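The following block contains the structure, expressed as structure tokens.
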Amino acid sequence: MRTTLPLILAFISGIIMVVSFFINPEQKVLGDISQELLIWASIIGGFSFLLGAVSITRVNWRSYKTRRPGWGYNLVTIVGVFMMAIPALWPTSWLPESMASLAGRNAGSVYDWFFLYLATPMSQTMFAILAFYIATAAYRAFRARSSQATLLLITASIVMLWRVPMGEALLRVIYDGLPEIINTYIMAGINMSVQRGIIIGAALGAATFSLRILLGIERTYMGKG
Amino acid sequence: MKIITFLSTLNRRWVYTLVWIAVIIPLLFPMSFKINTTPEVQSLYDAVENVPDSSTVLLTFDLWPNALAETEPMARTALHHLFRKNCNVVTLTTIPLGGPSVAERVTREVAALYDKKYGVDYVNLGYKPNYVSVLRGLATSIESIYPTDNSGTMLSQLPLMHTVKTYDQIAFIFIVADNGIVDNWVSIVNAQFGKKMCAAVTSVMAPKLYAYMGSGQLTGILGGMKGAAEYEQLVHKPGLATIGISIQSLVHFLIIALIGLGNLGFFLERRAKQKEARG
Amino acid sequence: MLYCFVRHLTTRLLTGLLTIVALVTITPAQICAQEAPAGFFRTDRINMLVAVIFFSIVVLIYTRWAKQGKPLFIRKINGLDAVEEAVGRATEMGKPVLFIPGLQEIDEIETIAGISILGRVAKITAQYETPLIVPVRYPMVLAAGMEVVEQAYTEAGRQDSYNKDTVRYVAGDQMAFAATVNGMMVREKPAANIFMGAFFAESLLLAETGNAVGSIQIAGTARPEQIPFFIAACDYTLMGEELYAASAYLSHEPLLLGGLKGQDLMKLVIIASIIIGIVLTLFGVQTTFTSWFHQ
């Protein structure tokens, strides 16, 4: 039952969604049922955040309690989670009027302050590191080892030039219509056809995988290998 | 040879230092270059221009806070463009962290410049989990997926949402994203419900979207900071993207120079090894 | 075995069919109260229905052939052949293997593919007694990952070696996850990094840090925009559907191989349709065939 019931549920709900795709939306039974399923999926997704909050607290608390190496960071994580969550969830009616704007998630609240002045700069800093990493990766990996690698590095260099105004100005010095040629033949030509191939291939792979899940052949989502 | 050793064992910290210098110089000595409009951006601008004035447009903030440097200028310029046309704007996001807060802040800031009233001219629906459910569910009923807006106000209390019930009342979808959600917007909303849409994405994502533009599923693409700068120029609202593109220009040149340097070292090393093998 | 398969398949299809019939014919009040719809089926989507049915039949036929023992050829995928070599390297060096099943939720196909590969990799690490580290971004992925790894260790007969902390929930935010995993790589210096699943901007952050600590790296993603970064920074890269094929390739399970072959046939059909369509369009021929590809 533990294995069979999830398989039956997966099959039925999957079939409903597939069939509803081919049924006229004015045909209310399947249309309403599929809409209900979508709402349920959204609600279940919300519960997963609760699960996440419990998980992160439990995992980090355990590491802190047992004083594992780096336990200080675990403590900071727990403090950070509650520091943002509690003000966001605090009912505004429990605070005096002068302080009501501090609760909730609106502009000017404690949550918003932490998001704007802590979370956002930290995320952007990590993202900005990519600029440095791309430079080292390009220096190390873009070597003309073979004809394909040479083609790759020449194309990459041309597209990098095309993508910025300074580079575009340089390309126009060589030939006035060169940026447009690059756009037409490289980006909207070779690039587009290759991307289409990858998208179609990946979509077929995903469709096969979905069919396997629907028919109960693939059970990894249940934790079965 | 010393140069071969230097190039092949170049410490990555020197590369980091060079990138840092390339970013600092344009900040200290601002540069400006002529920004030519690419067909994809022009197509996006024309598509938004062709949206009837005073119609309702769905603007998505499917973005994480880390890529705000590229995506926020796009969203701001889109809002300027739409409010200037007197369009009503409904915003939503499929990203839990960042999306609702950024949408709230940016939309209110730009709306204030055009005297737009919340609930009448624009609404922020916020975030709901499971984006597939959201994208499909909005086609049947926006209110069943979003009973309230981002602040918890019932949609029935917002005048704009009295007339906007499903995708049918939305004239155009302007997607601002920094992740693969654009694929889902195209495959679920455009393919199944035929909604016209365009996408403003980070430069890493832009090459993939040419496939959707080629098939007519997207009416235009803004790709990265250059796309944002071009759009700012077209809408006559120069902003952060126009400033940032000059920094990006110098870094691109540096990376090309580093590629050249790396290959120089590679060829010199290979030649030295061949000489050694020949004796 | 064939009888069991057919019986199971028929049971499932019948269950589904009966469900649909029940939903459609057992009329709730709301249907009676409504006007008759313009048409029950969306005739504008007949082309999609034909494609879905054809695709499903093809996959099921090949799955059946695979179960019957027919040899099905799959080309060599270097990245997957290197997995065992990578784990062996880690064992020799006495260092752990780091596996990341992507940064999406469990309901994403790429994550399920990643978890599926995790099961195979965990079996190999269990056999070699190599430590395995699996940082995950979502709690549902944590739960699925823990079950899969535990089962892999049990199947390898090494249940005692299984460590509950193998699969670790690290962070919900993308960049926080990347920062945490980078820290893990710098401290624990894994000998092999395997990235299989959906990755975004953090792909280069992870791969470049892994490269800096000297790990052998195998990556696989169906996100075309991240493939270039993995190619630049990893030793082996699986592109697009090779990620979905990995599970079948590593396990050689007939059911999975059959699905893979069916998918390949579908690809051939699409290629043939594209070529025929191009030729017809070039000569300005308008037929039913070309109209089937219009929305």
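A, B and C label the chains in the order they appear, each numbered from 1.
One rule holds in what follows: a contact is a pair of C-beta atoms (placed from the backbone, for glycine too) under 8 Å apart; a residue touches a chain by one contact, two chains touch by 3 or more.
This structure is a prediction, so every number in the text was calculated from the model and none was measured.
Shared contact partners of chain A and chain C, listed by label: B.
Interface comparison, A-B against B-C: more C-beta pairs in contact at A-B.
Geometrically, the chain at the heart of the complex, using CA-atom means, is A. Across the assembly, the mean Cα position most removed from that of chain B is the one of C.
Centre-to-centre separation between chain A and chain B, using Cα means, comes to 14 Å. As a whole-number value, the distance joining the C-alpha centres of chain B and chain C reads 28 Å. Multi-chain contact residues of chain A, defined as those touching 2 or more other chains: 21, 45, 48, 119, 123, 126-127, 134, 136, 138, 140, 142, 195, 199.
Looking at chain B, residues 12, 64, 66-67, 97, 130, 207-208 sit in touch with two or more other chains.
Listed for chain C are residues 107, 172-175, 201, 224, each touching two or more other chains.
Within the complex formed with chain C, the chain A residues making contact are 8, 11-12, 15-16, 18-19, 21-24, 26-30, 32-33, 45, 48, 51-52, 54-56, 59, 70, 77, 119, 122-123, 126-127, 129-130, 133-134, 136-138, 140-142, 195, 198-202, 204-213, 215-218, 220-225. Of all the residues in chain B, the ones that touch chain A in their complex are 10, 12, 15-16, 18-20, 23, 31, 33-36, 38-39, 64-69, 96-98, 100-101, 104-105, 108, 128-130, 132-134, 136-137, 139-141, 144-145, 150-151, 183, 192, 203, 207-208, 210-211, 213-214, 224, 226, 229, 245-246, 248-256, 258-259, 261-263, 266-267. Chain A meets chain B in the complex at residues 21, 25, 31, 34-35, 38-39, 41-42, 44-46, 48-49, 105-107, 112, 115-116, 119-120, 123-124, 126-127, 131-132, 134-136, 138-140, 142-145, 153, 156-157, 160-161, 163-169, 179, 183, 187-188, 191-192, 195-196, 199.
Within the complex, the chain C residues that touch chain A are 9, 12, 15-16, 19-20, 23-24, 28, 30-31, 34, 37-42, 45, 48-49, 52, 55-56, 59, 63, 105-107, 109-110, 112-113, 115-116, 119-120, 123, 138-140, 142-144, 146-148, 151-152, 155, 168-169, 171-176, 178-179, 187, 201-202, 204-205, 207-208, 211, 222, 224, 227, 229, 231-233, 239-241, 243-245, 247, 255-256, 259-260, 262-263, 266-267, 270.
In the complex of the two chains, the chain B residues touching chain C come out as 12, 64, 66-67, 97, 130, 178-180, 191, 194, 202, 204-205, 207-208.
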